[in-house]
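Look for subunit A in each of the two complexes below; its partner is subunit B in the first and subunit C in the second.
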Partner chain A sequence: MNFATTALAVTLAGLTWSAQAQQITGAGATFPAPIYAKWGEAAKAATGLELNYQAIGSGGGQTQIVNRTVDFGASDAPMAVDRMEKANLHQFPSVMGAVVVIVNIPGVTTNQLKLDGTMVADIYHGKITKWNDPRIQEMNKGITLPNRAIAPVYRADGSGTTYVFASYLSAVDPTWKAKVGAATSVKWPTGQGARGNDGVAATVQNTPGGFGYVEFAYAKQNNLATAAIRNKAGSFVVPSMETFSAAASNADWANAKHFAVDLIDQAGEKSWPIVSATFILLPKDPKDPARSANVMKFIDWAYNSGDALATGLDYVPLPAAVKTAVRGSWTAEIKGPDGKPVR
Partner chain B sequence: MQQATVLSGKRNANWGDRIFAGLATTSGVFVLVLLGAIIIGLAVGGAPAFRAFGAFFLVDAEWDPVQELFGALVPVYGTIVTSILALVIAVPLAFGIAFYLTELAPGWLRRPVGTAVELLAAVPSIIYGMWGFFVIVPIMAKVVQPWAIDTLGEVPLIGFLFAGPPFGTGILTAALILAVMIIPFIAATMRDVFETVPPVYKESAYGLGCTTWEVMRSIVIPYTRASVVGGIMLGLGRALGETMAVTFVIGNTNRISTSLFGPGNTIASIVALEFPESEADSLKMSSLLALGFILFVISFIVLAISRMLLRPRTKA
Partner chain C sequence: MSATTLSAAGAIPGPAKDLRVSEALGRSRHRRNMIVKALCFAATAIGLLFLASILATLVWRGMAGLSLTVFTTSTLPPGSNGGLLNAIVGSLIQTLIGAAIGTPIGLMVGTYLAEYARDSALGNSVRFVSDVLLSAPSILIGLFVYQLVVNPFNGFSAIAGCLALAVIVIPIVVRTTEDMLRLIPATLREAVIGLGAPKWKMITLVCYRAAREGIMTGVLLAIARVAGETAPLLFTSLGNLNWSTDLTKPMASLPVTIYQYAGSAFQDWIDLAWAGALLITLGVLAINIIARLVLRRGV
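Entry: the complex of A and B
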């Protein structure tokens, strides 16, 4: 009897203790999954919030938050406005990332090759097929390019990376915009597909003459040769945290609806042209306001203390002004059943 | 006292029987319901795509997510071509294995080789995919394809089969990996059916002075023909639905290529690749479900034929 009471007490104590580490659940984009995991780990000690994030893809994340099966959804591409309004969701960015162009040309080292946007598009159009094409050679007078076929590689799986990259090609090349367009997967005129960032990286590495696009982190961690790209201002920029941040600070965040700011091909001498934000989706009318409040508490913590972790994983932190604007939007947009702001 | 125990034991046994029978029936019916639910689920999910594109869906080579134009031709073509090519490679090898194991191998070697073949069947497909991507693809890209393009590619009439840049991936590489994956299934079935031939037939033939090959050709094969074809169909069924290993090595391109080295796509791999980033209720999602339905129907037909042919033979 005595033993049973003790056991019960211990169990109850255990239950209340574990309830104190509050769970927040999220699902969606795979691209920010590593930083969300890192933030989740660090935030658990600091805030007592335990993040359970499932990287099921942006499409899945949107569906889950529309159905309200998770506390927040995550999406690389901004959600379609009519769908978001119909589902009564609030959207804001969490962190940014950059896409870089990788090449495998024997004898050419990283950032040695210079390209502009139309040339990148024309390679994927199949209009430029050899590395010693006069247009490429013209732009790269200092280096001897081999008479070798270009082997374009793209993401075969639907992905936010493809959306960002195809948006860039649409922005710089009218033919691309008219014939192909931008989406999480597109109808590539030429080349071959590989699965995931690592698949593209490995295929380009294995194929002499290979050409592809990956998230910056994959290029950096695998020591892949990247290409310098001519930006809107006309200067050649190499991928680095500095050029990524420059693009973010030049963007027009204030006038972007739902924070769906276009970071592609920004003006500015130092701006890297292929940068994008990844988004979080929260219900504007949460059934359980405490859980939504916890999500905001978590993001607030990440905004305040997560920048170093983000840059450590080659993500680009948001500019301070944007963070302030997002915090303000929470109070204005997300209301509990009583009509009062949740946070 | 004793009697009471026995009685109550009997009553319990009665109840136990009924509960067990109920549970077993439920399990049996559950399988049927599940199968039906999957077919209906795929058909209903794919209905918007069939409505939007009609029968044209089956013969349209377009796959353009931006314009929302979808057709099944490229993945269906890729699925069938890779599977057939895989059979062309696998069947002679599997026949050799089965023939060796039943007729030629010394007794002490039969078990280890037989077990090795069965173990091959247990290797997870992702392992074959990784092995294909990291071992076979570089060999194809650096040795096999450049050689074939320079020699066979120059031959008139068949040259187009060996054209294109040597990526290493493509239809032929996918077929090779598939062949390795289905060999154990076909070989194991063939060995088992070869062993069902009554020894007296074979012994009679040997007694008449037949060679091993003549016994195989005139006694074993005719006796087991239907079951052998059934085993091949079983392998085909597996090849049609294989996803991971193929995705790694096929090149994942929605274009029909006449070259064996050209990239392609299969139904299973396009569904695996595109599904996570498809929005619910979109035409793309529906097209993927419709593709799943088509694959289901193809595999169902193939497996039904295999079941029919593998039925234990009844003496007329």
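Entry: the complex of A and C
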């Protein structure tokens, strides 16, 4: 009885409370889920908006916004232009992130190993099979590499991380581009599949000689050994907020259609080569303009006040000029039933 | 002379008569028995070993993640010391409403099959469809409700999740209800009819009472089954980061939260996933124990 009364009180309190806040529902990519949750928590007090973001995957996010079952969709890979136009959607970036290469070589510490793009591609091609391969040894004079087989690991599930990583391999290796290409799921020439970032991280950790790719947050949170990679300018860069931001500032945002900018393999001395933005999709003709307006209000808050929270969780905030361009695009693209801009 | 011949001829032929042969046969049978017994024990041990190691890991990791905040705070972003309150309450609401929708339908269909349509063509086809539904992958049921409710009404909602769970409950209740009613002896039915009672009175006053424990067990097992379902909720009630008891809005649930937290990069989310898994396991275990008690009290 006592419990029932308490439960009832809690339920009623919850009902009145959720009635006050305006809910935004979004679904899609797994990669930005932690930062969206963080922004949602902080924005609740500041804006009165309650964000519910569910990580169902980039593909799911695109489908749900096409079906208009959510207020906004989220995707790591930019949406195909014809599909976006057919569904009458507006796409813009929210935040950026990086993919890093993780290794498990006994005796080699983090960022000690140096690799270049074609070598990473050749490991997944199955052309480089031993850690003491002459090409790796040549680039890593000074460290002793074991005569151990390389065990490449890849994402078995469809994933935005795979899309970003395979885009990088396609950019640096013409053979990769011709034979494998870039998609959320590709036909890996060799290696072992694992589910999710956590699966890849665990498999690499448990396999001496293991080699894989994960989102930076997973490498950092789990203290995985990463590799330094030679960028387009020819210098070896290690994964850090500084090298990620360098790549973002060097990108050609102005000429990117639908903000689908290519952040892969950017020029610049300090640029980390495997960086990508994650996107939000909004209907251009919202049936309920207030809900779309709330989404834009939320993102506007995140652009203004969310950068520190983003870097805290190892995401890369957008450059200020890009944020201004996105704000302008809202007015131009998203119109209510009366033809007036929603925001 | 005839007596001696008889005694010689009366001996039962075959090896069993010979003491050494029969002893050897006994030993070999005993050996074979021991080998098969050992194999049976080994197979059981392997099965139990996996179960025990899963439970031990679950308890070990789950206890580490359990704390009071799990029950007092809703889900929060990594590093904010969140809990699972919204997911626990969401799971309870959706499971109970799902069972409340599915049970009466299942009960009535089961009664129809057992009492009215035992061997009719319609009864057989209903039984067949129900059995197919029983083994249908639950993600398909989620997609079915997505197309039926979520897509046309432009939004995920807790009620869609409840409907998906109800569709899973129905065939389980149909099967147990029918089986339990069929167990009631024909003599009992004849006695009731013989006293001049109409058929509906026979079913509600006699058959249901006799089969009550069995039917209750079926309902409880159906609840236990849907309490741990993730797939049908992913595309119906979606999940919610915030506290919400509004049936027309997305609602959190334990399985979906576990599914999303288990693969994250952040240790506090992973710990919460383990704690949630332990809670579901304990809940399902409790329901199973209650179901057994109910059944035992009746028998």
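Here, the second predicted complex is superposed on the first by the 323 of 343 C-alpha atoms of A that agree within 3 Å, B and C clash if a C-alpha of one lies under 4 Å from a C-alpha of the other, contacts with A are read in each partner's own complex, and residues count from 1 in each chain.
In the analysis below, a residue touches a chain if its C-beta (ideal position, glycine included) is under 8 Å from a C-beta of that chain, and two chains touch if they have at least 3 such contacts.
Small disclaimer: the values here were computed from a predicted structure and weren't measured.
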Report task. Using the superposition on subunit A, decide if subunit B and subunit C clash or fit. Result -> clash
Report task. Would you sort A:A151 into first (subunit B), second (subunit C), both or neither based on which partner it touches? Result -> first
Query raised in the report: Looking at the overlay, what does A:K335 touch: subunit B (first), subunit C (second), both, or neither?
Result: neither
Query - Partner chain in contact with A:K284 - subunit B first, subunit C second, else both or neither - result: neither
Report task. With the two complexes superposed on chain A, say which partner A:V180 touches: subunit B (first), subunit C (second), both, or neither. Result -> first
Query raised in the report: After superposition on the shared chain, which partner residues are touched by A:K127: those of subunit B (first), subunit C (second), both, or neither?
Result: neither
Requested in this report: Give one of first, second, both or neither to describe whether A:T69 is in contact with subunit B, with subunit C, with both, or with none.
Outcome: second
Requested in this report: Go through the superposed model and pick first if A:E41 touches only subunit B, second if only subunit C, both, or neither.
Outcome: second
Requested in this report: Applying the touch criterion given at the start, work out whether A:Y218 contacts subunit B, subunit C, both or neither, answering first, second, both or neither.
Outcome: second
Report task. State whether A:K297 touches subunit B only (first), subunit C only (second), both chains, or neither. Result -> neither
Query raised in the report: Which stretch of subunit B would you flag for clashing with subunit C, going by 21-29, 147-155 or 201-209?
Result: 21-29
Requested in this report: Find the residues of subunit A that appear in the contact set with subunit B and again in the contact set with subunit C.
Outcome: 30, 56, 195, 199
Report task. Under the touch definition given earlier, write down the residues of subunit B that touch subunit A in their complex. Result -> 62-67, 133, 137-138, 141, 165, 167-169, 247-248, 251-254, 263, 272-280
Report task. Could you please specify the touching residues of subunit A with respect to subunit B in the complex? Result -> 30, 56-60, 62-63, 66, 83, 149, 151, 156-160, 180-188, 191-195, 199, 202-203, 206-207
Report task. Show which residues of subunit C lie in contact with subunit A when the two form their complex. Result -> 75-78, 80, 89, 150-151, 154-156, 234, 238-246, 249-250, 256, 260, 262-267
Query raised in the report: Which positions of subunit A touch subunit C when the two form their complex?
Result: 10-11, 14-15, 17-18, 21, 23, 25, 27, 30, 33-34, 37-38, 40-41, 50-56, 67-70, 195-199, 215, 217-218, 220-222, 287, 313
